[in-house]
Structure formats: C-alpha cells, structure tokens
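One chain, chain A, links the two complexes that follow: it is found with chain B in the first and with chain C in the second.
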Partner chain A sequence: MSARTDVANHEGTRERAARATTSLKTVTTRTQGARLAKVGGVVVLTGLIAGCAKNAPQDTFQPRGTNAERINDLALPVFYIAGVVGVIVLGVIAWTVMRYRDRGQPIPVQTHGKPALEIALTILPALILIGVAIPTVGTVMALNDTDDTECVVNVTGQQWWWEFDYPVQDGCMPGGITEPIVTSGQMAIPVDTNVLIRGTSRDVIHSFWIPRLNGKRDMVPGRVHNLRMQANEPGLYAGQCAEFCGLSHANMRMEVAALTQDGFNRWAANQLEAYESPVEGTVAADGESAFVTNCSSCHQVNGLEAADGNPIISRPDVGVYPGAAPNLTNLMTRTDFAGASWSLLREECRKEVWEAEPDQFTDRYLEGVTDDCFNEVDLREWLRNAPAKKPMYADPTKLAETGGLYRGMPYLALSEDQIDLLLAYLLERK
Partner chain B sequence: MAIIERPATESPASAETDDMVTATSSYGYLRRPVETTGWRSWAFTVDHKKIGIMYGVVAMFFFVVGGIEAGLIRLQLAGPEGTILSADKYNQMFTMHATTMVFLFVMPMAAAFANYFIPLQIGARDVAFPRLNALSLWLFVAGGLFLNSSWILGGGADGGWFMYAPNSDTPFSPSNGVDFWALGLQITGIASLVGAINLIVTVLNMRAPGMSLMKMPIFTWMAMITQFLLLFAMPVITVALFLLMFQRSFGATFFSVEEGADPLLWQHLFWIFGHPEVYIIVLPAFGIVSEVLPVFSKKPLFGYPFVVFSGAAIGFVGWGVWAHHMFASGLGPVSVAVFSVATMAIAVPTGVKIINWTLTMWGGKLQFTTAMLFAVGLIVQFTIGGLSGVTHAVAPSDTQQTDTYYIVAHFHYVIFGGGVLGLFSGIYYWWPKVFGKKLNESWGKWNFWLMIIGMNLTFGPMHIIGLQGQPRRMYVWTEARAGEGFFNLGMWNLVATIGTFVLGIGILLFFVNALVIHRSQPVAPLDPWDARSLEWLTTSPPKAHNFDRTPTVHALDEVFYRKYEDVGKGDEHDYVQRASLEDLMLEEERHADAHIHLPAPSYWPMVLAVSLPIMAYGVIYTSWLIALGGAIAIAAMFGWALEPADAEDSDFDPPAPGEQTSKELANV
Partner chain C sequence: MFTTGSKFLIGASAVALLATVIYGVGQDGVLGTIGLASATVGLMALTALNAILRDSNVFLDDDAPVENTAAAQPAPTGSVWPFGFASGAVVVAVGLVSYQPVVVIGVVVLLATGAEWTVHAWAERASSDGVHNAKVRSRLSNPLEYPIGGAVALGIIIYGFSRIILSLGKTNTTVAFFVAATVVVVVGFMIASRPKLGSAAVGSVMAVGAIAVVAAGTVTGIRGERDIAEFETTTIWQEEALLHPEEYAAGAAEGKHPAGLICESPEEFPEADERASETVGMKSGTYQVLLSESGTLDFDPPGEKEAGAVGMVIPRSSTTNVIFRNDSDEHRRLSLDLGRPYTVTDYESEIGNLDESAPPTQICTTLIEPGGAQLLTFKAGEPSFAYESIPNPNGPPGADGFWFFVPGVDTAKLELIVP
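== the complex of A and B ==
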C-alpha cells in the first residue's frame, strides 16, 4: 500500500468512490508488480472499507480551509500523475521480467542502446515535470501572500507547548481586539477570516502544523515566520509540533478552534472579563491561596492580587529556561492542557466537542469545561507529578549544564488536599 | 607483500637462504611488518582486497547494531502510548539508528565494494595510496566504535541525525551524546575524505592500457562520481561539526540565538552535505545493479553513455537541491520555488537510470539468480521511492508531508530500496569472486523474498501513517489522533512493526547463509555467472597481485568479448563461445608479468587512526588526553613518513625446498 490509497479516501464523499477505486488499483498494482487479475476484488473491498473510515484528525487530505485546499488541489493531481507513471513503469518492468525470462533463447544482440529512444525517454519525464512545476510555483507564491490578512495571532513555541497571543488590532472582530489576549494550547479564530500567524520560538525550533488548515511552518527562535490560516467551517482542528524539539516532542500538540464570528466575539469578550475571586468560604477560595503559594510564580492568572493588593505578575524566568509558563486565566475555556496532550473533558464530552456538527460546534465549545464534564483524573495526576506524566527537563538539580535552569513543570510535592483545593480553584477559571 | 617474482627467472632460493638475517638487525623500529598469516596480516595490510573485506565485515556489524535500534523503535510504536523505551532512550534510538545506518553501514559497505572492485575492474594491482587506504579503514572503525561507545558513557546522541541547532546545544541536550556524535562523525568523515581522494586518483591514473573513461565498467564510474561527491560534501559537514563542537565544548556561539546567531545556518550546512549524501548512498548501489543486470540479461547495459552522464548529472544537480529539506523552514517563497523546481529537475536523470535498466532487460535472456532478484527489486522499490519523492518536490505539498512518516516511507524506499537492495545484489554477485564459493542460492531467494515482503510491510504502511498526519520522531502516538476504520494509525503502525520483524528474519537468513551454509558450499567455477567485466579475468579469490598480466582493454564488457565471438553475417547475430574463463586464465598465466611490485604493509595507518578517538575522548572529558592523542598522531605521521618504502627481501620467509618462486608463496 502506498500514499495513493489515502488520496482517494480523503475525499470522503460517495461521489468520489469511483476515483478511489482507480487509485487503489494503482497502488496494489505497483507494489505487487502488476498482478492485475487478483486486484479487482481487493479494490472493491478496500473501497468499501475506505468509505466507512473516519480518518485521523490530522489527515492531510481533508482540507477545511482555503490554504489547505490550495495545497490539496495541487497535490492530488501530482499523486495521480505519479500513480499513473508508476503503473506504467512497473507494468513495463513486470512485463519485461515475464517476457524475457531465460527460456533457452540464444544470446541476444549485444546492442548498446538507441540514442533517439533514450533522448525521447529523457524529454518525456522532463515535460511532465515542467507541467508540475508551473502550478507549483504559482501555489508557493499564493500561499505566501499576506496582503489579505484580516486578523493577526502571534504564536510562540516553547518546549513543549504553544502560546497564542492576540495583539491589540482592528482586525479579528468588529471593533477589533482592544486588550491583548494570551492563551495556550488551543487557538481560537473566527471562521472565513484570513488569519495571519506570526510565529517564533523561545528555545529550539518548533513547527506549527494544522493539517486541515495549512501546511507546516517552522517557528525558529530569533526569527518571525508568517503562516496563513483560514477555516471554512466551525470546528476543532488538530495539529502537532512537527519539528523534532527535544525530549517531549511527542507531547507538543495544539488545536485551532474555529468559531463563528459571533462566537469568536463572545470568546474574546470572555477572555477579557475582569477577574473575580472565588466566593469567600468555598473550597475554591482556599484554592486561590494555594494557587498563589504554589503556582503563581510561573503561571499568570490575570487580575489575581496578593494580600497587599498588588497584582501578582508571574516571573518564571527566575528558574525556567525559556522564561514562561501557560497563562491559566481562562484555563477551563480550553478543552485540554499541558501542550494539548491531556483532555480536561471526560471522554464522552470530549467526543461531543470533537464531533459536533459545524453549526453546533461554536456553542458547544464555548460552554467550556462544565462541572459534570470535567475530567479530574489527568489534571490531578499532572498536579501530583507532572514530569512523571510528560518527560521534561524539570529537575534543576540535574541540569548543571544550564545553571539549573529547568523547563516544564517540576515535581511540586503537593499533598492530595492541596491538589483538591487547586482543582476546585482551576475549575472556576472560565 | 613486497616483491613478487613470477615466473622466477632464476632460482633465488639458495642465495637467500644463505643470507638470512633477522629483521630487526636491518631495520630497527622502522621495519615494515611482513606477516602473511594471523591477525597481523589483516591489521597492517595495505592490500585493497583485504581492506575491502574488512570494510564489509565491520559495516555488516554496524548493520546489525542499526537494525536492533530499528527493531526497538518499531516495538515502541507498535501500539499507542508505548512503554518499551523512555522518551530519552527513544530519541537516542532514532538518532543513532539513522547515524549508524548512513555513516556506519551504507557508506562503508559501498566503500567495501569500491575498495575491492575498483582496482580489479580497471586492471590495477592496488589503489594509488595503499597506506592511506588502510588509514581510511581504521579511521572508519575507530570513529564507529567511538560513536557507539556513547551508549555505555551516558547515552547516545538525542538530537536526530540532522541535529538541528539550537536543540543540539548543551542546554537542550545535556548528556555527552551529541559530543560523541559530532566527534565520531568527524573521524569517519576523515576516513571518507581520504578514501575519496585515494579512489579518484586510482581511477584517473591507474586504468589498464586501452581502458578509456568510456570503456570503464559502470560500477567504477558510479563509484568515482560518489567519491567526487564525498570530496566536496565532506568538507561542508566537517565545518558544521567543528562549529557544533566549539559550540558545545568551548563556549562558542555559532548557534546561540541570544547572541544573534541564526539557527538556519546549521540547516544549510547540514543539508548542503546531507543532500549529496543521499546520492553518495545510492550511486554505488546503482553502479552495482548496472553491472548485475547486463550479466543476467546477457546484454550490455542499455545506453551506457546515458547512464554515465545521468550519474554525472545527478552528481552536479545534487548540489542544487539541498533546501528541499527546508521547505517548511521559512526560506521565503522565491527560494522555495527555485529549489522546488531544481528538485523536480533531478528526477529526470534518475528516471533515465530506471528506463535504462528496464531496457537492458528488454529483449534479454534473463536469469533470476539472487543477485538479479535484488537488482530487479531495487528498480521496483526505487521507482516507488522516486515517485513519492516527486510528490514532495512539490513544495506546498511537502509542507503537509515533511516531518511525517510519509517522508520516512519515502526515504526508506530510496535508501533501503535503492541502496541496501543494491548492496545485497552486489554481495550475492561478487561473493564467489571474493571467497571462491557462491552463496547458497535457495537460501538467497528466501533471503530476498523475506526482505522484499518485510520492507514493503514496514515502509509501505508508513505512507498511510504519514498522510494521516503522524509526525516523525515521536516516542509515543496517541489513540486520540489515530482515527478509525481502514486508515487508522493503530493498525498500520502494528503492520509496520510486524514488517520490521519479517525484514529482520530475511536479513538473519543472509547471515546464516554467509556464515553457516557457506561452509559446505562447493568451490565455484572461475566464471560462475558468465560475467562481462575485467574483475573476472583473474582467480577467485584474486591473487595478491590481482592480474598475472596487466590486461589490455579493447571494449566495454571486455571479458564477454574475449569469451564470445559474433559469427553472424550482416544483421544476423550469432554469439558463439570461443573460450572459457579457465582458458583465458591459462593464457594470462602463460604471459604473466615478471617483477610485480606490490606495496608493503605498515603499522602506521592503524596507529594514526587510534590517536583520533583518544583526542576525541580528550575533548569530552579531559584535555591531557588530547595531548596524548596528539603525540601519538605526530609520532604516527613521522613513523609513516620515515618508514622504508619496502620490507627488505630478507624479511620474508625462505622459500620451501624445490619451489620455483619464493616471495609470492610467502604471501598467499
């Protein structure tokens, strides 16, 4: 099996089943060396299975935005051409191997070649490739155009999570964004809007990749790279850091939540709502002081005040390598945490969000993490011992090389009672 | 080895027996070694054939090491959230798997073939610089062992074989693994560079009379282009590795972003080396199948000049495509477009080779020996890898594919399909030349089919996994991103893991065949395959001096035309065998050259090679070791320069009573 099988399936629709069959035949033929006779049955069967498949959320052949569609429209014909060429070449090889096996024929003419044939067979692939090259150049240029930007999001990679901040601007929503918004793990964008990602990194090279919306772009420390992003319909689009970035590269994921314009406005307004301390005497209120004691030196919660009335500004750069930790002001408006690697929602609620129909997605997503949907298990384990759940260089004592500068959340030796308090407090961060 | 006199014009026996002196009295510590048996005859040899064999044996050892690493990687990824390896160990495993396979298996295996067969194919007695040849070998061995010693000294390198800055810097990779990697590759790099110069000079200067460049066997051509690629690529990686070493060990800031460095510098340096490296890996294998296909098709290579020029074209254009590894790096649209088109352009000469191999078989008389099966396997698998390559020459398409398993699938079809299968073809084809016996053909066929099935089961599903969005270099994959139905990541990851073990069994059969079954194989005839090129115009295994008489070459496929005559008239062709290789050999022996001079063995290449890892350990641990290693290196270089050109005749054993020749016997 090869790539070509996928191509067909990703179309997703029944109308294209016929094309699926063709391309599957291509593949099977290629790998088996043109055993056309057997292929028919396999093709039909595979086609049926493919029709029912629910592909992976990072499937590269299900574009849901103009940029990814552009790539897809360019890539698919190339796959088809490669498939056809492959079938022909491997067919000829198979035929040659069958036809000219030694059956006692005399020693063949010692021909050294036919230059005319050679030249023709050199020019032919060159022509095909010129045909591929021209639209390629056009698409490369189009995908780098930034003139049509309607909304800017700054994206910063850090071992091993993504930060998204929305600078003050006229774009993104009517009236624009009036105060900076900082979030992580999940990036909210309005649908049908040309978003421009301005990306960089605080430590090593990461790569931002939401397959259904666009190809990937490395985010390099010291440089700012542009990446266009646009979603045609509301939904949650999965992505993953694609450039190897060290120990927990596998646990550096991210999602784009595409919301209706109205939904995005509500999301933004909620992010900027003033902080409200938990009601006196509740568990969450005790949680607030536990948070101030244990967490707020690294994790910012906007509006949180110390006993003396001064705002608490987290200063993680004292001990943390790149100098930042995720902002937790609105943690429960996101559906996962720790580099989008663990869910804040119970499995059934998680499915609900991921599988919501486009017209219902925005409302479902904006519900955030409700009390009955809250998945306590993973967050509790995380608070208990983060480095045990996600490999990180989080032990300062073992990092002489960096002067003890660690990264990732260290083991905090919290008691179960403290964890209970913190969970109650965090659950109110909506 | 020294001097071989054959036929003896006079009997030197009595004269020398009387004059026997002990070796030390005449040469002191600078005397050259003369042992012809035992480990010394291998350790200090400068014979290109022995060096070639040792290259092959050590490369095969590292093939097993890299294979075990691959097996562990696939075991870890067989299911979601694998627990066989920790994140740290997994990162070391894939870094060292790639490094080992590229630098310690495929490259030295190709060097083994080049060393052994280039002098034989061009009718030479040895390479141009025999002691440098030994130095290449021992540097490769030293570098490989040094690199792998990191496993017991705190863990292997963990930055990926591409070792992107700044992730390779000490804050992000605090163990010594990357230091071992940088220094180890520096050592093997010297080996490659020395070998490249040596083989280029050999091919350009030491071809037999009559062998113009366009009558040169195609393997020698491809191997020479490879050496030119090495000659220009190795200095680039050398610079990059030095920068990395200074960055990590001596506080330099070449890649420190906070000091204003641009980490993309490393990427450019690495890939300017790294892309030609791909052709360094596959061109020797292309050369091998270009020898094997004509032999088992009973036809000359179709369009020999086209194959030569397409190889040279690959060698040139290969320098202009490096940034296609960086389409997602943020180069800007113009660079991306240019490199995208250049990458498509290189598909043309590559396609020419596939067409020529197919047309070589077309109209032939095909015999499917194991060597031939591997050669046909290469064409098929490489075609698939080449076509998937075109899909990511299209830069926008590549931004969806790069750093996913789709790329892993692609380059394994290219490197394993286009490289390793070719090397195995060469092993089966030339085994009787090197060892005098064929490898068992039925074991060989099992070996082939299990490898082919295994590799397709392993790397085929990776196309699906990658296009379904699974990135590379992840120590775990998760159910949450796996999807359902036919294309779910779970099933195909499992299939890939099963495939790895099928592939592993296939390779195991090779070792059984070579090490066990081989013992009971009958001695092969001189010309077991009805071969066509010059290396067959000698005994199997070849004599120390390769050819009794330096052959004069009249045609490409010289040996075929010495054996066969076309008795057809006009356009009719009828090839009749006029002589067997045994006949030809008798003829050669009858006209054997007198006074054949072979280079003498030397201690110094090995001593010099040993000094480098000592210095490298010094860079990592303590500087006095650098001084010690440096002292040994200087001593070795002086010893090398000052040792006599030859061992004295008197250093050799006296001839056995009644023997006509003296010194040659001492060398057999």
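== the complex of A and C ==
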C-alpha cells in the first residue's frame, strides 16, 4: 500500500469519525430534547391540574354574581388575546434565536430602520390595546355604577377583622332595617339584590375582596369607597384582605352569606331581637358575670346591663389601637370568629354549611351554632391565649409605639373555670 | 552629604533631645526624664552609627542597577486624599466636643478619603508607569466613585433647591418651579439641538447651574424657612372656653371674642374664622353635610344614599371626614355635639355613670361663607345608643344621642348614628 493510499484511508477514517461524532451529537441532542419535552410536559400538566381544584372558594374564575361575571367576561377574552400574543412573540423570539444563533458566520450587513415594519408593529399593538380598552372601560364604569343598589352595608376594616353594620334604611328587606345592625366576619346579604358597600378602615389600608362576587376595593382610613355586590344564589362566599396590612394579614378573612330574601328577613329580625340574659343559676348566667368582668371593656353585647340597670358600653378605644373590637351580641349566628379564621362549627357541621345546596343553604346557615355543632376547641384555645393562636401586637412590653394600646386581642390570663363560664355564655349569643 | 534617611534620624534626635531637655527642666529630674534621656541617647547612637556606616545611602553598597532601587522609583504623585483624611479627623474631633451627627459626618469623610488614599497609594506601586497606574486606580475606583459621587452631588443640589423653595412664599414657589422647569427644558433643547457641542461646554453649563443652586440654597438655608402663620383653630377656642372659663369670660367681656362656645355660636371669632374655606383637603370619598337655603341639614354619602335614612351612620372609632357645604345666604358653621363624656375611666365603676353636667364633646368648622365648603374630621369612640338617656340640647327638642347642628339656624339638625 502506497503512502498516498495510506493518507487517503486515513482521511476517510477521519471523515467517518467526524460523521459518527456529528451523528452522536445529533442523537444526544434529540435525547436531551425529548427529556426536556417530557419535563416541560409534566410541568405544564401539573399546572393545568393544579388549576382544576374543585374546592376553590376564592376562585375568581367561578363567578356567582353579576359583577364578578362582568369581570370574568372581560378577563377571559383579554387573557386569551394576551396568551395568543405571548405565544406568538415567544415563538418568534425562539425561532430567531435558533435560526440566527452564532455559528461562526460573518456578521451580516447592518441596516438602519424599516419604516413599514416599524409602523405596522406600532399600529398592531395599538389596535389590540384599543380593542381591549373599550370593553375594559365599559366594564369599569359598569362596576362603579351604584344607582341600582337596594341595600346599604357599611364595611370597616381593622387589623385583623372586618366589621359590617347595616344602617337604618328602607332597603335590604320589605319594611327595611329599623335599627342599626352590627356584626363581624360574616356579612349577610339577600340574594339577587344589589348591595352597596360603603367601605373604610380604622387603621391602615385594607382591601375588601370576595373573588366570586366582585373585584377588590381598597379601604382607606378617612375615606369611603364604594363597591357593589350581588350574589346569584344562596351560599357562603369566602374572601380575603387583599392589601398587606401587617402581622396577621393572612388571617384577615371574611365571608359573605347570601341568603334568600325570606332568610335574610329572618336573619335581620334575629339580630334585632332584644337581649335576653341567661337563666339565673345556670353556668351561662355566671358566664355573663365573667364576660362583664373580663370582656365587656372591649366587646360590645347590645342589651347587656349592669346591676343598676344601665347599659354596659364597651370602650375598646381605651385599650385597642384601632379603637374597636368585634360586637359579640349574636356571635353564634355566624359560623366563624377571629377574622373568620377559625370555625365555630365542628368540621362535619362546617362542611354541611359550606357544601349545602343553594336551596338548602339558608335554612342550614340560619341554624347558627347549635350545641351539637359547637367547635369548642378553637374558641377555648382563643380565650386561653389569643396571641398564641393568631399573631398580633399583644405583648404588653412592646407597645411603646401605640401608647400602650394593643393591636388585636391580648393574653387575658383566664383560668379554665373562667373559660368554661365564658363558653357557656357565648354559646347563648344567638 | 547626608542622605535623606540620615537627615530624618538627625532631625528626630534633635527633637528628642530638645523634648528631653524641656521635659527634664519642667519635671525637675523625675524618673520619666531619665527614661526619656535614655531613649534619646539610644536614638542619637543609632543616628551616629547610621551616619558613620552610611547605611541609609542606597547608592553606597548597592550593586544593582540604579533604576531598580527603591529610591529610583518615581516620586509619589500629588494627592488630595491625605488632606481629606486629615480634615475628616478634625471633623471627628470637633464632633466629639459638639454634636454627635458631626462625628458621623467625620467618620464618613475618614472612611471615604481613607479608602481613596489606600487605593491611590496601592495603584502607585502597581508599576513604574504612572499612566498605567492611573488606569489601574480608575478601573478600581471609578465604578464606585461615579455613582456615589453623582448621588451625593444630586442630593446636595436637591437639598439646596428645597431650601430655596422653603424660603419662598406660596406664589413664589410656584414661580420658582415654573422657572426651574423652563430652564431645564430650554437648556436641554439647546444642548440637544447642537450635537457638536463639546462636553466641556456642557459640563461648564451644568456646573454653573449646580453651583448657582447650591449657593442660593446655602444663602436661603441660612436665612431660614418662610414664616408659616399658625392660626387658632375652632378646637383651641372650644377647649379654651371649657378649660379656662374665667379667663374666657374675661376675654369676652373685653370684647376680644364673642361669649359662649364657638361651636354653639353663629358669630365670627378672631383668627379661627378669618380663613374659612382654605383648608378643604378632600373632595371625594367623603360624606357631605349640606345646609340648604331653607335652613335644613341633609347628608350625601359617597354612592347612593339609603332610602329612608333617619340620620347619617358611621362606624365607631373610625376617623370620618365630612365636607360641610353652606348653601345658605349667611356665614355658617357646622357643629357636631357628641354628648357629655363619662367622668370616670375605671370600667367597672364607669358603667352607667354619666355626668349630665359635664361639658359637651363638640367639634365644629369655621364660619363658612355662602356657597363655601369646609372639612370636618372627627371620630366617635362610643356608640350613640350609649347616650340614649342623655338629652342633647343641640338636637331637636327632647332628642338624645349625637347631633350635627348649625348655630343660629334652629331648623338645621341632623342625627349622627354610631352603632
């Protein structure tokens, strides 16, 4: 074999080796691509599955009120348009990156400007934005319209719970509301009624949000902001403060109980019923005394009277920085407490309420907290040491900034006997 | 004849000897003088030894080429940092005997100039090429010097401008902002329209502007802020009447002000009522209380007003803003009577103990001209039903609870309900 043949053979071997290397690289790239595709597929699938939660009480994509439906009808098409635009843009970027990636090729001739393309790329997004803006502005204006409201509720945010008071008015129910009603944590409204919420705050900015009934509205100290709310069918609708408001922001929850009109009438009538003291000699009667001694300085129970017959008026502004504490007159007509963070119902009863069919919900809700369903555990823990259950500024040694005033409920050092008495008394607040 | 090192040692020996003599004479031969004299003798011996052996002469026994010796290296370039460092030390010293913030400023100067000095000295030893050394220094320092220096310079300019604004009156402030904005736009336009303008020219213009602002800021800062008049408010008059009734009555008798509580008076009080309608800070998101031409009071909440409302309902302990609009033909004020307060603070003994003779809790606006508006801010810490049994003389006959009213207009009553 000549030297020339040797050289040719050697070069041929090198070419084959190079081809084999290229082939191997291609296979490796394909394998990596397939692996990436699998991982990406799993991620996308996981995301999709996570978005299909059946029990999602704060899902804005499951609207149950006219206002929430308006938002949903706007958000979905915009989301689709934005999604298509996003896919196109990302696709073009990916294609450009792959197609023109650096392979050592010479830098192409640089040009400046492409007027036709630039004008087109300006006009197209402008048209899309105009297309989105028209229904957006229309929806915003429709959501802000309060002309058709038939029932007014004042909503006040405070670290870290919500208060609802119903002013005297002809609306809300036949015959109207004849005396102010104050409650907290859960706002009852008549179904299929446009409710006007007048919101404000006692301390910092909060945001009222019941995702399935309407969008968010900031509640600002010193200002009154309106929000219209309406529920299509009876049920409990969960919400959450949507503006970070301090230590227990995550525990500042609220719920709207949408009741049939008849059910709302019964609810309101019950709220306005005169206070009845516990029967003398019972544990609850002793509990009333314990309440007066330990709780009434901050918590109002309408109708509660001192021994001399004068009404007992709470003064939470003396001990609590925002100046108020939940009114407990009808505590057991709502199903949770402490910023709607803990249930007053045992789990099975709570499920019955939350999962009740719309036509059965009102009656079940109006049963309130019965003796059988009373979740004593959480309320007992709360009374035993509230700051241990919910983060609050309740350390008496660290209140210099608020002049000695608490934010939230302090530790009261109640004995177990006192707690027993209080539980018996509170269980009668229906 | 003598090398630099030898000169240093000779000088040090002379100073030490002089110090020893002075100390010795001053202290009259104590033990310290002996120690100091011993040290001085030792130093002088070293100096003599050095001078004899010429140990500090780098040329004497050095076989290496002259350019490699330390003495042959380029002399250190001029530097401002030692001066800055020394200035920082002085500022710290001054701060230690005056104000703590001055110490902080001195420490900052010390740290900044010390760091710069260190980098400068280090860079000078990078090589024997001065140009290269300067580049080394710039590469290390500039990324920090430019942003920090820029921020500090900008801060000084902004602070200077703020001093100017604070010294001007309300109208002049508006003019100053207008002038400043105009100058910025015009100069910007001129610079942009001449792309070939040199950086030196642009920098000079900027420097002149900055110096002008800082100089003006310094002058106005020394002169102090403008006088902001503090007028007596209706609250001050109300408190004065309740807390010092005798002095208040004496003032009224002398004709200095009307008699009676300002919140119950339709008359004009000096100062408090002179500047009506100048403090309305909110125009939306509040309740409005309207005094009609016919002399009735009504309220207008944000959004729809509830049908059948018997009074204005606000949450308890919530700061509430109300805009009072006077649609009558007279100057009027809006007053709010929140009843008579409790007289004791202990909870258990407080229950039911209302003192009907106690002074009322009232708040009111200034006198508002016809067609004018004024903001009233208040908070009700107690529910109105707590005062159910307490007559409110400023409500309709026989009324209790909380009431808005307009002094001098008997028909203008509006209940405030706090649930």
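Keep in mind that, in the parts below, the second predicted complex is superposed on the first by the 354 of 430 C-alpha atoms of A that agree within 3 Å, B and C clash if a C-alpha of one lies under 4 Å from a C-alpha of the other, contacts with A are read in each partner's own complex, and residues count from 1 in each chain.
Simple rule for what comes next: a contact is a pair of C-beta atoms (placed from the backbone, for glycine too) under 8 Å apart; a residue touches a chain by one contact, two chains touch by 3 or more.
Here the structure is a predicted model, which means the values were calculated and not measured.
When the shared chain is aligned, chain B comes close enough to touch A:A82, but chain C does not. Of the two partner chains placed by superposition, chain B and chain C are both touched by A:R223. Set against each other, chain B and chain C differ in how many residues of chain A they touch, and the higher count belongs to B.
Residue contacts after overlaying the shared chain place A:L405 against chain B, while chain C stays out of touching range. When the two structures are aligned on the shared chain, A:L74 is found in touch with chain B, with no touch to chain C.
When the two structures are aligned on the shared chain, A:P387 is found in touch with neither chain B nor chain C.
Once the two complexes are laid over each other on the shared chain, residue contacts for A:P396 go to neither chain B nor chain C.
Of the two partner chains placed by superposition, only chain B is touched by A:S207; chain C is not. When the two complexes are overlaid on their common chain A, residue A:P311 makes contact with chain C while staying clear of chain B.
Residues 220-223, 225 of chain A touch chain B in one complex and chain C in the other. Those residues of chain B whose C-beta lies close enough to touch chain A in the complex are 86-88, 91, 158-160, 164, 166-167, 170-174, 257, 260-264, 297-306, 328-330, 332-333, 336-337, 340-341, 344-345, 347-348, 351-352, 354-356, 358-359, 361-368, 376, 379-380, 383-384, 387-388, 390-391, 393-404, 406, 409, 456, 460-461, 463-464, 466-478, 480-489, 556-557, 560, 564, 566, 573-575. Considering their complex, residues 1-3, 5-7, 9-10, 30-31, 33, 46, 49-50, 52-61, 68, 70-71, 74-75, 78-79, 82-83, 85-86, 89-90, 92-93, 96-97, 100-102, 105-115, 117-118, 121-122, 125-126, 129, 132-133, 136-137, 139-141, 143-144, 159, 203-205, 207, 209, 211, 214-218, 220-223, 225, 238, 240-251, 253, 321, 341, 343, 391, 393, 398-402, 405 of chain A touch chain B. Interface residues of chain C, counted against chain A in their complex, comprise 282, 285-287, 301-304, 306-311, 313-321, 345, 347-348, 350-352, 377, 379, 381-383, 385-386, 388, 417, 419.
Interface of chain A with chain C (complex): residues 146-147, 149, 152, 154, 156, 163, 165, 167-171, 176, 180-182, 196, 198, 200-202, 220-226, 293, 296-297, 300, 302, 306, 308-313, 315-318, 322-324.
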